[in-house]
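Next come the structures, one after another.
Next come two complexes built around chain A: one with chain B, the other with chain C.
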Partner chain A sequence: MGRYVIRRLLQAVLTFGVVMFLLHYLMSLAIQINGNPVRTFFGDKPVSPELLAATKAKFGLDDPCLSRVGDPCLNLFGKRMSDWASFDFGTNFNRADVSELILNAIPKTLQLFLIVTIVWVLFGITAGVLAAMRRGRFLDYLVRIGTTLTIAIPGFLLLILTQKIIGVWLGNWAREEFGRDSVLGIMFQPSYNARYPWLTLLVPGIVLGIFGIAGITRLSRTSMLENLRADFVRTAKAKGLRQRRVTIVHTLRNSLIPVITLIGFTLADALGGSVITEGIYGIPGMGKLAYDAVKKVDTPVIIAVTAILSVSYMLVNLLIDLLYAVLDPRIRYE
Partner chain B sequence: MRSKRVLSAVAVAAIAGLVVTACGSGDGDGGSDGAGEINLSLGEPKSLIPPNIGETEGGAIARLVYSGLYDYGNDGSLVPVIADGQPTTTDNKVWTIKLKTGFKFQNGEEINAELFKKSWDFAVDGRNANGGSYFFSKISGFADTQSGADPDGEEGPKKGADPKADELTGVKAVDATTLEITLDKPWVIFPQLLGYTAFFPTAEGCRTAVDACNETPIGNGPFKFVGKWEHETAIKLTRWDEYTAEKSSYKDLNFKIYTGSSVAWPDFQAGTVDIAAPTPDAYNDAKSTYGDKMIEADSPSTWSLGYPVYDEIFSDVKVRQAFSMAIDRQAIIDAIFQGQGKVLDSLTPSMIPGFKAGTCAYCKVDVEGAKALLDSSKWTKGKKLELWTNTSPTGEKILKAIGDQLNKNLGIEYELKTLEWPEYLQKKTDQEITGPFFTGWQPDYPSIENYMAPLYSSIAKDGSDNDFGFYNAQYEALMAEGDTAPDMNAANAKYQEAETILGTELPIAPLFTRMTSTVIGERIDFDSVNRNPILGTIDFVKLKLA
Partner chain C sequence: MSDVKIKSEILPDADPTATLLRVEDLRVEFHTRDGIAKAVNGASFSVESGETLAIVGESGSGKSVTSQAIMGILESPPARIAGGEVLFHNVDLLKLGKERARRVRGNHVAMVFQDALSALNPVWTVGFQLSELFRQHRGMSKKDAMARSLELLDLVKIPAAAQRLKEYPHQFSGGMRQRVMIAMALALDPDLLIADEPTTALDVTVQAQIMRLLKEIQIERHMGLILITHDLGVVADVADKISVMYAGRIVEQAPVLETFATPAHPYTKALLKSIPRLDTKGQRLEIIKGLPPVLTNLPPGCNFAPRCAYAQEICTRELPVLATVAADRAAACHFSSEVIQDV
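Then we have the complex of A and B:
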């Protein structure tokens, strides 16, 4: 197990290096092809070459390689990596410290994802299990139609509708009925409120959870169905074990292996969804940070955010692989 | 039947779990003062250091946290704040400003003439790369405070030399309450600049720790910061009780920052934001719901179609005039902005001092006239027209509408050329654009001169070094006469003559200004709302709670 973890971590370091360089190269190319973003600070206004040069220097975008298309800008890359080694992530175009921006953003995205994961586990897996146990009956059809619907509705549409219907209409009703500071009045809010982080994250969290829920529900259902017919379940039943033990210990636990893999991957996908969710609900998390930075070609932020995302992606994958061993005693990493 | 019980247990647990999460987050009840607090929306500012502020968002905060010599009245006139009376001059070259006493910074530093001088030296120094330093460019000694030109060009490894001078020789603190400003040459418009944020004072404690001051400004205005600027999240201000000029009647002013795709409108509807602009799709709905609480006003920013006058074909004024006459501006406003715009028939919008209606002789739709003009021009029939814009949904929509009209009215085939914003701006400066292009102008100071001089005037003599490659000797002469005119009225008369030349020569075809709509929420006393059409913002200090 220990050797396996070390090998995986070494692979991760290599992957990380490649990701960083590719990203750096793409960002440099973007500047080389699309022009230096510093010029946009002045908009349509005429700007003297001296002021432009001084501003480029201020934001570290004055390296001559940035005007040679295709130049990999190795100097800049080396400088960035050595800054990172001393935990200096630089400043963004608004002169804000990037490390601080990220440290402020991470908790919000984690809170959002915690809600998303709870939604998946509570609703997704439960619905899948229930559908499998009631196969071919009303509940099964309901779950199957429901999952198809959640896939068919585009995410942003659902977000905008929820914002309007739950945040504004239902929220205004609740605020009028129970008062502005009632739990429902705050929970049904069209956007994030830093005073009540958990309450205002609940609705967008559930909506974001709906994006990935279909796959998880369907997979739990299929997996349960498969295992319900497995030999070991029949044996367990024949042995006279209690129904609860058969369902939970023998069937459910074995059915969860593929589901957990999927949760890991879907979480990574949900990072994409979080860009839209955080954008529409104004949640100052990683997704919004990345989205705003990309729009401004704010290189230091984009690279730092992507670095953190790729590290967490690799860690989540490692964690999933290790979870296999816990859930299935037959799997051993030696 | 056992399985049923298990399953309902799971389901109950699921629901209970949700309830627990919901209850567990009820903490952090920050209290609700109710009275004494106004909540507003804002875009993310770029900077909060006064001489580095170039956009509305930063300007809105700076005008609350800082006080300058002057503010702008609703008609664009100078309203003294720290200054004592209007600037005085005998020759329009040396300007004297008297200061009031008693103004302080929030860290205790006293504000006097010497402090203004130091603030402005900091503003112009090339090494500080302040975006607003160009406002000082007509003050004598400005050139020496700038960094030298890059000796081997952008691609070379060498950097420009450091500035020759540390201070702006044209600014003198005669005594504690008298500032004397000397310009390179007489310029009657100069006082109009003084209300701009670039001229606001900065504390010594701010200039020595710029980055910290950007996060928590050391102000001298009616409000002070509570905590830091929470980037892309919020800015919280509270009334500074030691301020000696007009203070607000309420205590706290909170700005929620909206970036990316999040907008303030749903929050306004939910009552958590007190003033907001409806989204374009919600405009009609908002108008019928809030009607008399909605303020609709023209904006000072103009949108135009620029011509590459340096290009062989567009050097022919008839082509420029013909295209301008073939564009139905109102139709574009109706189609793209639900009628929320105002057609321009001169180069400036109406709220700007010196405005004269109808200076553009070719801004009215006249398809027959346009056809006739085009036939006698250098335009070669069958040539494909290139229309340039940066990649933005609005710009692309507008240029497509213009292209379709030119196609319908003049039978011209067109092609849209879109570029990313930085490249587009660079190509414009380098005069590499080969067809009419989309361009906008946000004024720096309230004068019609500001809608012309920075754009069409030539820096080099007999040159055409502006973005349009435009040069007209008569226009240059009239602008120079305006600059040296004895007073503002005489100057505006000359500027209007110059504008008429531009309206005939058409380096650009003026298109329209956008109307903005703002809805005032029920928590605000509507009568206390005073919107300044020049700055395009509401005077937040004067707001009262209902």
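Then we have the complex of A and C:
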């Protein structure tokens, strides 16, 4: 087990290196093809070649490889990696410390994703399990129609709609009825409020959770249905166990194994989705940081955010593989 | 509280002097897309304590459905018990409330399933799956329940039992897994054990060991045993009497030795002929021609008639009823007296 984790971590380091290099190459190509971003600092004003060269030097964009299209700029890549190894993430084009930007953004995104994961587990899995237990009855149809709807409605539309309906209409009513500082008044706000992080993250968290919930609910339902027909469930009944115990102890645990995998994949998708959610709700998390950085071609920030996202993606996947072994004793890592 | 007291509380009306299990005219239907499949069509049989009844028939003859109906673990829908009685010490198990029926399972009637690998839950240890019986039915502490589970593994002769309690089903060999299944069924000391093809998934040497173990424990505990099988070789060794099922009906019922010597139903006779034997080496093995009838569309008359060597015109018109052909023997055939004399 310990050796397996070490091997996986080494693989992750390798993967990380490849991801970083590809990203670096893409960003270098962008500069090589579109021209040096330093030019945009001056707008339409004429610039003396001396000033331009000095500004390029200041932002580390003076390497001659940046004007040769297709050059991988290995020396720049090496420099960035060695800086990172000493926890120096540099500054962005606005001279802000990148590490500080990221450290400020991470907690918000973590909070958001904690809510998302709770939504998935609490509502997604529960709805799937209940639908399986009531197969072919009203609740089952409700869950099936509900999940189809959440797949059919595009995410951004759902976000804008909920922002309007919950944040504005419902929020206005709540603020008028219970006052500006009432729990409901704060919760139903159209945007993030740093004074009440949890309360204002609740609505966007649930909405973002709805993105991935359909797959999780559907898979929980099918997986439960499949296991309910299993021989060992029949054995559990023949042992005279209570229905509740048959369902929870002898069906649910077995059914969760594929669902856990899906949660891993969905989490990765939702990390991408957080860019839109955080953008629309103005949550100063990693998604918004990436959103703003892409708009401004802020290379150091884009690369750092992507690095963090890919690291967290790899960690989530490792965690899920380890969870497998916890849920299914037939899986052992040597 | 003692086991005996708990058990008598579950079925206070049970009459211990009455027959252990008497199934009367049991009918089970499955509601499928193609119509109603009549899986069991009026099966009647009985088992006394200490007695072994073998229910024999080919796949789809209704023998497994019958056993699951007795256990009360048929999935309904699609299954529906359309009629009949399952009298356990004169109490109809089919008329019990859900909770009482649940407590009967394991305590009074227990079951050993066919393929222990799929019948045991892969994600829990063997110790967990055994001890939960004591914890759920007897309210024992974890420690006491584990101690009882250990005794059970010893009883079914699993070596290094203490260590094996902590292992998972996939870590056991096929024979050992089937022993675990048997231990599980015996845990609460049931009066009746139903073994549904307990040795089908095992290789031949292990089959004999498992059957011997079942038989030993049955004699020791004076249990009733219903052995469901299509293996007539096993039947000859362990059963006292035999019920042959075909298309959901019992076609012959008799003590084992008589049935083997002089079958009274053409189907039984054909089954016996289709067993490979050493002394007929070099000859063609006889098979039963044709297929069993489709259960959603049973023909009028005798269901075996299309495959029967003795069939006459009457067989396609009139359904033969199970009638006495000799002392202790019954068969459902218009020509059973001819069949019995025809060697």
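In the analysis below, the second predicted complex is superposed on the first by the 334 of 334 C-alpha atoms of A that agree within 3 Å, B and C clash if a C-alpha of one lies under 4 Å from a C-alpha of the other, contacts with A are read in each partner's own complex, and residues count from 1 in each chain.
Convention: a residue touches a chain if its C-beta (ideal position, glycine included) is under 8 Å from a C-beta of that chain, and two chains touch if they have at least 3 such contacts.
Only a predicted model underlies this, so the values are computations on that prediction, with no experimental measurement involved.
In the overlay, work out which of chain B or chain C sits against more residues of chain A.
Of chain B and chain C, more residues of chain A lie in contact with B.
Considering only the touch criterion stated at the top, classify A:Arg253 as touching first (chain B), second (chain C), both, or neither.
The answer is second: A:Arg253 touches chain C but not chain B.
Would you sort A:Pro46 into first (chain B), second (chain C), both or neither based on which partner it touches?
So A:Pro46 only meets chain B here.
Is A:Thr235 touching anything from chain B or chain C once the two structures are fitted on A? First, second, both or neither.
second
Figure out whether A:Gly146 sits in contact with chain B (first) or chain C (second), or with both, or with neither.
Neither partner.
By the touch definition at the top of the document, which applies to A:Asp328: first (chain B), second (chain C), both, or neither?
In the superposition, A:Asp328 touches chain C alone.
One more residue to check, A:Ser67. First (chain B), second (chain C), both or neither?
first
So chain A touches chain B in one structure and chain C in the other; where do those two contact lists coincide?
242
Show which residues of chain A lie in contact with chain B when the two form their complex.
31, 33-51, 53-55, 57-58, 62, 64, 67-68, 91-96, 101, 104, 115, 118, 122-123, 126, 129-130, 133, 163-164, 167-168, 171-172, 175, 180-181, 183, 187, 189-191, 193-199, 201-202, 242-244, 247-248, 276, 279-282, 284, 288-289, 291-292, 295, 297
Please name which positions on chain C make contact with chain A in the complex.
Interface residues on the chain C side: 68, 71, 73, 102-107, 110-111, 113, 115, 118-125, 132-133, 136-137, 168, 170, 181, 184.
Show which residues of chain B lie in contact with chain A when the two form their complex.
2-3, 5-7, 10-11, 14, 17-18, 21-22, 24-26, 28-30, 32, 44-47, 54, 126-129, 131, 133-134, 146-150, 154-157, 159-160, 211, 214-215, 229-234, 256, 258-262, 266-267, 269-272, 419-426, 429, 439-442, 444, 454-455, 466-467
Using the touch rule from the top, collect the residues of chain A that touch chain C in their complex.
Per the stated touch rule, the residues are 230-232, 234-242, 245, 249-250, 253-254, 327-330.
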